[in-house]
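Consider the two complexes below, in which chain A is the common component and chain B and chain C are the respective partners.
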Partner chain A sequence: MFIGTEQLTHTYMPGTPFSTTALQDITFNFRQGEFNLILGPSGSGKSTLIQHLNGLLKPTAGRVIFEGKNIGDNKKGLLYLRRRIGLVFQMPEEQFFSETVFDEVAFAPRNQGLTEDEVKKRVVEALSKTGLDLPGLSERHPFQLSAGQKRLVAIAAVLSINPEVLILDEPTVALDKSGRKSLFDLLTELNRKEGLTVIISTHHLDEAAALADRVLVLNQGKVVMSGPADEIFGRREQIYSLGLALPPVTEIMHALNEKGLTVKTAVYTLQEGRREIINALRRDRS
Partner chain B sequence: MTRSITLGQYIPGESILHRLNPRLKLLTLVLILIMLFFLETFSGLIAALGLALALYALARVPFSYLLRGLRPILYIALFALIIYFFFTSGGVVLFRIGFITIESEGVEQGLFIVTRLVALVLFSLLVTLTTTPLSLTHGMGFFLKPLRYAGLPTEEVAMIMAVALRFIPTLMEESQRLMRAQLARGADFETGSFFHRARNMVPLVVPLFVSAFRRADELALAMEARGFRIGAKRTRMHRDIITGQDLAALFLVLALIALALTYNL
Partner chain C sequence: MALVGPNGSGKTTLLKLFNALLIPSGGEVMVKGISTAEEARLPEVRRTCGMIFQNPDNQLVATTVEEDIAFGLENLALPPDVIRKRVLDTAHILGLERLLKQPPHLLSGGEKQRVAIAGVLAMEPECILMDEPTAMLDPAARRDVLKTVHELNRARGIAVVHVTHFPEEAARADRVAVLDKGKLVADGESEDILTNLPFLHRLGLQGTTAVELADLLRRDGCSLPPKIFQDRELVDSLCLLAQNS
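On to the complex of A and B.
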């Protein structure tokens, strides 16, 4: 098992009249190098689960596993773990506290005790990966940037620890179309070229569906479905019953099938959809 | 940590104590506290303690909350006991080592004071456990009203208190979220000297202030958009009505006090 949980249960404020069970008996396993989605309506426990994967919360019961080992076993291991598993919180630009983009991105490597030369190298690397290597940008105040750029700075601030696993909690929240595009371009690059294991939580499938290898679906703190992306997205009724929607292209493919044109429905991008439709029409004609 | 931030310690419930009018609840609390200071005998205090416990049972407050509420006064109580035991003379000598003597008078007075302290805390705690912070503020606002004639903007002060109470849990939650977010980036909030730790708080404090100011701005705008004006007459969603039940509770307490005073308990 690369990263996952075994019968993980989490209760907030146990033993008080306010106690709520956010996660119940969660078991799943994500593989190294894959692009993983944690899907579920808001309040389904996605954020709680994600914080467990980085050892920020302690399980009420069950275990969190990284590379076959229980991560809660020692405290020193947790610090080391957080250098290998990078976690980007929801609305991460709200954590900014530095006066320049450079200092913001340098926070994590400085905490690792690297020399200032190495820190600088890490920052330059992270900024160039995120496409923020624009002249003068690293000396600007983070609050002066656009929403999309701020989000990228926040991601750069986590990439600067050189993680092997990158976890993002609802990364598309409050981003416009172009912000979402640059975000997913970056995630594609990191996953496909750099080989990072990526885990994102979302309730918005439009851009994420095409990238996903494996999907975990949560509802009210329980696992509803878990498995390879195509298999999960094929269970359309169930996805809809949770108040989630497949990307519009996938919907069009399903509609075409119902109207009698046989096309593949596991299609999540416009290009793929266009190709599939053209092929189907050719087959139809011959 | 989330445990300790149940602000005002309010426990939701449906008991008579929960439903009592907050103004009257505060008034009866003050009366009971005054009564506790007038009680002169042990039996009187024990009866008061019994009454407190009965009321806790009536409000269905878990026993653990009662103990947790008493924890803060543990050291004060111990300190008081020690002072009385060793420094009050009179009565029979119970214990003697060298120049240290413990005499019965001291033991009696010490226990008396501590019992009174426990009773005081239990009654006060009961009010905060069964009243929402918001109703408490409204209740206090009512008693502050006379200060208006001295030129104090009591309505506004009550409003400020209500808003502050409303946002303390929000800010607490936010600070925890921030703390975890910065921990994920390798921040360290625990080790190092005092100054070191204070400096390490910057990644926590700065974003917290930024968001607090943003929230304040948004709230002010939202309040204005809904017609809030300083000095304007406001109405409330929850009307402050005193029912027969409230009056009955007040008379019951008054009767108890009269009883205690006439029989010199």
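On to the complex of A and C.
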């Protein structure tokens, strides 16, 4: 098992009137190098699960596994874990505290006790990966940047630790179209070219569906579906009954089928939709 | 009305001007004939225009959900039975009955946003200003909130100004205004604006999926009608095309 959980249960404020079981008996396994989605309606436990994956929360019961080992075993293990698993919180730019983009991205490598030369190298690399290697940008205040750029700075600040797994909690929230595009271009590059394992939690499939290899679906703290992306997205009725939705282009493909034009429905981008419809029209003609 | 534009184009600033959270440096903002620069009449302006922020954490104040929904009403010094009824009615509309006794900070993002919306709806404003209110909601909650807001608009005549990044949401508005770099660059019927792809793309914006897909298919030689706005129109036209070939 690369990263996953075994019978993980998490209860918030146990033994109080507010005791809430956020996760119950969660077992799953994500493979190295894959693009994984944790999907579920609000309140289903996605953020709680993500915080377990780099040891920010302790299981009430069960185990969290990384590279075959239980991560909660000792404190030294946790430190090691957090250098290998980078976590980007929801709306991460709200937590910026440095005066410059450089210092923000340098925070983690400096904390690791690296020399200032090595820190600089890490920062330059992280800014270049995220497309933020623009003249003068690293000396600017992070709050002077656009919303999309701020989100990328937050990701660069995590990439600077050279993680093997990148976890992002609802990374597209409050980004406009071009911000979402730069974000997904980056995630595609990191996952497909550099082989970084990516895990994102979301309830917004528009961009994520096309990249996903594997999907874990949560509802009310339990696993309700788990498997390869196409198989999960093919279960449309169940997706909707959970209060989720397929990307708009996938919906159009389903509507075409219902109206009698036979097309493949495992289509998640405009370009795939375009190809599939043109092919279907040609098939119809011949 | 939907207000669209790239990040940083001034949408949130404009909303804050409508609610007199900001006072214009030049010119005037009028709310029901009252200038927002008239300090003595600010309570009237703010009662007319209720504001829903993007991040509900900035809008929740009380220790339980029901107290939070009641907060604004208590400030108006309404009788307790009126407050109770309005809190329950609003909680019902937004599906929050089950959560009334819960502390808001323990709710999920989507639930928190519904509580924030409930707090504003309970005040029965004449205009609701919404700054990407669905950004943190799941699709079902998003549909609920949009449906609720739509009904408040249609049935009770509450004006809505809705800032959104989602073309599918903007398409539900009667009117769309587009901001870019602090200037109003378009204002008109939603169909006219959201089908003008060259204009939208130049600003880094997008049409609805049906409009975008129709455009790509036309480039590949599909003879689709010039006005395709809704999914249904695209699907019907394509099926017709397949039958006639």
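Throughout what follows, the second predicted complex is superposed on the first by the 286 of 286 C-alpha atoms of A that agree within 3 Å, B and C clash if a C-alpha of one lies under 4 Å from a C-alpha of the other, contacts with A are read in each partner's own complex, and residues count from 1 in each chain.
What we mean here is this: contacts are C-beta pairs under 8 Å (C-beta built on N, C-alpha and C of every residue); 3 or more make two chains touch, one makes a residue touch a chain.
The structure presented is a predicted model; accordingly, all values stated were derived computationally and were not measured.
When the two structures are overlaid on chain A, which partner does A:87 contact: first (chain B), second (chain C), both, or neither?
Only chain B; A:87 stays clear of chain C.
Touch test for A:161: chain B only (first), chain C only (second), both, or neither?
first
Where does A:61 make contact in the superposed view: on chain B (first), on chain C (second), on both, or on neither?
So A:61 meets neither chain B nor chain C here.
For A:249, is the partner it touches chain B (first), chain C (second), both, or none of the two (neither)?
second
Mind working out whether A:95 is in touch with chain B, chain C, both or neither, as first, second, both or neither?
Touch partner of A:95: chain B, not chain C.
If you stack the two complexes on chain A, which partner ends up touching A:12: first (chain B), second (chain C), both, or neither?
In the superposition, A:12 touches chain B and chain C alike.
Is chain A touched at more residues by chain B or by chain C?
C
Between chain B and chain C, whom does A:111 touch in the aligned arrangement: first, second, both, or neither?
The answer is first: A:111 touches chain B but not chain C.
Please indicate which partner A:270 is in contact with in the superposed arrangement: first for chain B, second for chain C, both, or neither.
A:270: touches chain C, not chain B.
Determine, under the contact definition given at the top, whether A:51 touches first (chain B), second (chain C), both, or neither.
Once the two structures are laid over each other on A, A:51 reaches chain B alone.
Can you list the residues of chain A that meet both chain B and chain C?
Dual-contact residues (chain A): 12-13, 18.
Per the contact definition, I'd like the list of chain C residues that touch chain A in the complex.
6-8, 54-55, 102-103, 106-111, 132, 135-141, 165, 168, 204-206, 208-210, 212-213, 216-217, 220, 222, 231-232, 234-236, 238-239, 241-242, 245
Contact residues on chain A for chain C in the complex?
Chain A residues touching chain C: 12-13, 18, 20, 40-44, 47, 90-91, 146-148, 170, 173-179, 203-204, 242-245, 247-249, 251-252, 255-256, 259-261, 270-271, 273-274, 277-278, 280-281, 284-285.
Over in the complex, which chain A residues touch chain B? Could you list them?
Per the stated touch rule, the residues are 12-13, 15-18, 51, 54, 56-57, 79, 82-83, 86-87, 89, 92, 94-97, 107-108, 111-112, 157-158, 161.
In their shared complex, at which residues does chain B touch chain A?
2-3, 6, 11-12, 62, 64, 177-178, 180-188, 202-207, 210-211
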